[in-house]
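Here chain A shows up in two complexes: once beside chain B, once beside chain C.
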Partner chain A sequence: MASIAFKRVSKAFDKHEVIKDLDLTIEDGKFTVLVGPSGCGKTTLLRMIAGLDPQTSGSVLIGGKDVSRIAPGKRGVAMVFQNYAIYPTMSVRENIEFGLVNNKVRKAEREELVEGISKAVGLYEYLERKPSTLSGGQRQRVALARAMVKKPSVFLMDEPLSNLDAKLRVQMRIELIELHKKLGATFVYVTHDQVEAMSMADTIVLMNKGVIQQEAPPDEMYRRPSNRFTAQFIGTPPMNVGELGESGSLFGFRPESAVLSEAQGDEPFSVRGVIATREMLGSETIYQVRSGSGNYMVKCSEDLFAAGQEVYVGVPAAKLHFFGEDERRIDEKESSYGKCMEALRGRSHG
Partner chain B sequence: MDKQRLGETLRPYLMIAPAMAGIFLFVLYPVVFLGYLSLYDYNLMNKAKSKFIGFDNFAEIFSREDFYKSLSNTVFYTAGVVILTLLLSLLLAVWLGKKSKFNVFVQAGIFTPHVVSIVSIALVWLWMMEPNLGFLNYVLKAFGLPTSEWLQSSKSALMSVILVSVWQGIGYYVLILVAALQSISPSIYEAAALDNASKLRTFWKITLPMISPQLFFILVIMTIGSFKVFDTVKVMTGGGPNNATNTLVYYIYENRTTNIGYASATGVVLMAIIALLTFVYFRLLSRKVHYQ
Partner chain C sequence: MTKAWRYTGLTLGYLLKTAILIVFVFPFLWMLSTSLQTYRETLSYPPTLVPAMPQWINFAEAMSAGPFLTYFKNSAIVTLSIIAIQLLVMIPAAYAFAKYKFPGKNILFSLVLLAFMIPGQVTFIPVYLMMADWGIAKTLLPQIIPFMSNAFGIFLLRQYFMQIPEEIVEAARLDNAGEFKIMRKIMVPMSMPALATIALFSFVSHWNDYFWPLIMTDAEAIRPLTLGIAMLRETEGISNWHIIMAGNVVLVIPILLVYLFCSKQIVKAFVYSGIK
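Presenting the complex of A and B:
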């Protein structure tokens, strides 16, 4: 099996530097999701692992071995592309088999592997078909089978679910989690969808503008975002962030952390506002509350209020986040945390 | 009521009537008339002296040495032009497939002969191929290579005509193939690289099948076109020397005044050969062609 390491890696396209001096270690056997807005460099990282767009400087290590000079086909990695990149002129069987033939696997072994894998992904009846006769979901499975059959130590996936409809996407998400458990290989998965990242990852690597913002398991990423960008990228609706006053510090809270009430409570953050919009989503309701200090999104499990109603938004101390002038998280242990809390309380109740 | 229905029925036919009239007049009528002429010993000066002779013209065709000579010339010419053009245009297209300023320039250069009249091209090559004063032999001599008689020897004349035809036509086909190559998604090549496919295997198993519709199109179009070659032969050799470059269409042209019935019969034979070839191509190759 194989861990992946980036050592002071830079990548430039036509003198335009996308990634600069990046260090990152992806643990062996983990499901790592690279997530970020488009153009953040996540796909670039993935393609560097594959060797499709080698780094401009620095080194990439797979299983402790520098692969900078090794061709993509010899790195022991397999990749699932966003558009699947299935060979349209070959049958499903030939598609799955192509890599094995190139690696000079014997015919009998090849057939056994192809049949085993195709049964596992539910393509056995379609082996002799051309990809053009398959549905989107089936093509996705061909791409997966083609990657799996090579038994790679590293699976690379570039937004593999983005071309599927919503229902199939949720189903494939679960199948991928199970696949990862079964194979135990290192998975590196690129997506711009934070829900996908949260649902599948062992570790999320959140990137923006070529810089890693935070590298953490999903729950930590959600509960203790290391900066404002992370706080607002992960979660729907995103974290409410407001300014704290002259210091330039920021406070924030998740929409579900706030409590709506008709009377003012004694929470450190409490503000009066009017419900501007109400989205009833079934199990929860999302209110947009307009107040003098800004708009706040509030997610409630109960649907008690109507649009136009006047309410108080209250957030308990434990659910508040603070960010410094540089937008970095202020930890509970830091001295400025107390100051921020005081400032917020003073503003709400003063 | 009935009148209205009649109108409804007739309207579509009325609509396509002008186009159909054109097709009847300029396509079907000439073909039928060609067949009609081929059955006659036709007298152009005095129509009354024309005589229906059945299939005698065809019998004569298949018994005459010069027909077989021009047929074998045409087959040789077609094979030479089609194979050379396909190979060279494929080679050039693969080379020019990568987009760069230099490649665009080269592509424009290769395409230029296509926009020049074949008559002008044939004339220029005629001069260049002149054995004593021509440019080609001058270059060959300068490099100390053996010279050629080009169009003036029955051994090299047909090869020389093939050379000119290939040179003239190649730009167009390169253009088609470059467009085909550039339409292949790069991610397919990336997938092949990750599947550890060698360059040669990638070309053989991915590139060629992906552009097979275009290759098949070129094969069919060029075979038909080459079987009907005329202008190059007319300008450069007039079928000579010693019938070495006499092709079927030029053969028909030679017989047009002396024996129009015989010429028409040859035309029918040519039509049948081309139809048969195209049919065979579709039968043999269409399964190897991959349409998206």
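Presenting the complex of A and C:
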């Protein structure tokens, strides 16, 4: 098994620098999800681990060893591509077997491995078929089996589920989590979908414009976002963020942290507004409240209000987040935290 | 469109197709028919299309007019060697041009295109002199060496390779396949239609080549079939069309066979690569 480390890694395409001086350690045996908006450099990072598009400067270490000069096929990594990249002229068996043949695994052992893996992913009956006769989900499994059969210490996956329909995607998510538990290998999974990241990851690495914004387990990333970008990228609807006055600091709260009521409470954040829209989603309802200081999304488990109704939006102190002028999180222990809270309370209660 | 119009359109279409078919097939049938007629029949008026009694002896006569077995062997060796060497050169070249980044790539590729645009007639004298210099004029090599690389083929195959997704090649690299293995196991099987087309064109043009061997050969032992057939006119006399046509049929049959084989391959390859 192997951990992965980036040491001051930069990557440029021609003159265009996509990643600059990046440091990152991906823990051995963990399910790490790289998430971020489209074009932020996730695929680039993954391809540097695989060695398909090596870094311009800096070094990449797998299992503590600098792999900069090691060919992709000899790094002990396997990759599942977004478009599966199955060899179309080979049968399912030949697809799965190709890496083993190249690694000079004996025929008897090869057959045993292919048989075992194909049974595990439900492809055993399809071994002699050509990929063109398979469904999207089955092709996905061929790609997975092809990666698994080599017993790599690192699994790389680039948006592997994005070509599947919603139902299959949820099912595959669970299967991948189970697969990770079973194999115990290091998984690096790329997605632009924060829900996928939250539901699958041991550790989320959130990127924006080639820079790592935060590296944390899902619950911490959700509860203690380290900056405004993280706060608003993770969670739907995104965190409400507003300005705190002249200081340039920001406050924020999650839609489900707010309470709606008809009378003003004594929470530090409490504003009057009108319900502009109401989205009833069954188990919960999402209101958009329009107030003098801005629009706020509020998620309630009960459906008590109607559009056009006047309400108070209140948020308790423990659920408030503050960000400095530089959009970085202000921690409870910092001295400016109290000041921010005072400013907010002053604004709400006059 | 009304029904009547549609039928008129269909009928017209069929008529046109038939006309085109006749234009292309008629000379071939005429050759075949003449090759099976007697001398008398070839001169009769009106001309006969179906010979009264097929004269298979014409073939025997044509083939005994010279060392045709040698000619045939020479043609086969030259054409097959050319195709084999061309494929060996073309596949790696097209792969490099399609899937690699390296300095000077564009200039090199322009050179390939340039080679493809220069007609052979411009270069044949210097090439002839060079081959004579090397002292290989009495072998088959002068008919092979100038055609070892096929610029048009490299161009066509490169275009085809470029359509193969990068990820498939990368997946193979991650599967620890070397570059030659990638070519053999991935690029070539996925490009069978292009390869069959290129090989077919190459076969036809070199099997039928007349100009080049005419310049390059001065001995019977190294002459190809085309020259042998052309010489029938001298050995058999210009008016013995039935013998000359029998020779031509012998010349054309391998092309037909290769074409039938290739077209099957092309269809098969399309079915195999039937993945979106």
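Keep in mind that, in the parts below, the second predicted complex is superposed on the first by the 350 of 350 C-alpha atoms of A that agree within 3 Å, B and C clash if a C-alpha of one lies under 4 Å from a C-alpha of the other, contacts with A are read in each partner's own complex, and residues count from 1 in each chain.
In the analysis below, contacts are C-beta pairs under 8 Å (C-beta built on N, C-alpha and C of every residue); 3 or more make two chains touch, one makes a residue touch a chain.
The model shown is predicted, which means the values in this text are computed figures rather than measured ones.
Enquirer: Clash or fit: how do chain B and chain C relate after the overlay on chain A?
Expert: Overlaying the two complexes on chain A (C-alpha atoms) leaves chain C and chain B clashing.
Enquirer: Look at A:Val274 in the shared chain and tell me whether it touches chain B only, chain C only, both, or neither; answer first, second, both or neither.
Expert: Neither partner.
Enquirer: Just chain B (first), just chain C (second), both, or neither: which does A:Ala78 touch?
Expert: both
Enquirer: Under the stated touch criterion, which partner chain does A:Ala12 make contact with: chain B (first), chain C (second), both, or neither?
Expert: After superposing on A, A:Ala12 lies clear of both chain B and chain C.
Enquirer: Would you sort A:Pro131 into first (chain B), second (chain C), both or neither based on which partner it touches?
Expert: Second partner only.
Enquirer: Show which residues of chain A both chain B and chain C reach, each in its own complex.
Expert: Comparing the two interfaces on chain A, one with chain B and one with chain C, the shared residues are 50, 52, 71-74, 77-79, 81-83, 85-90, 98-99, 102-103, 132, 146, 150.
Enquirer: Under the definition above, what is the set of chain A residues touching chain B in their complex?
Expert: My answer: residues 50-52, 71-74, 77-79, 81-83, 85-90, 98-99, 102-103, 132, 146, 150.
Enquirer: Under the definition above, what is the set of chain B residues touching chain A in their complex?
Expert: Interface residues on the chain B side: 185, 187-188, 190-198, 201, 205-206, 209-210, 212, 290, 292.
Enquirer: State the interface residues of chain C toward chain A in the complex, per the touch definition above.
Expert: The contact residues of chain C facing chain A are 165, 167-168, 170-178, 181, 185-186, 189-190, 272-275.
Enquirer: So in the complex, the part of chain A that touches chain C is made up of which residues?
Expert: Contacts found on chain A: 50, 52, 71-74, 77-79, 81-83, 85-90, 98-99, 102-103, 130-132, 146, 150.
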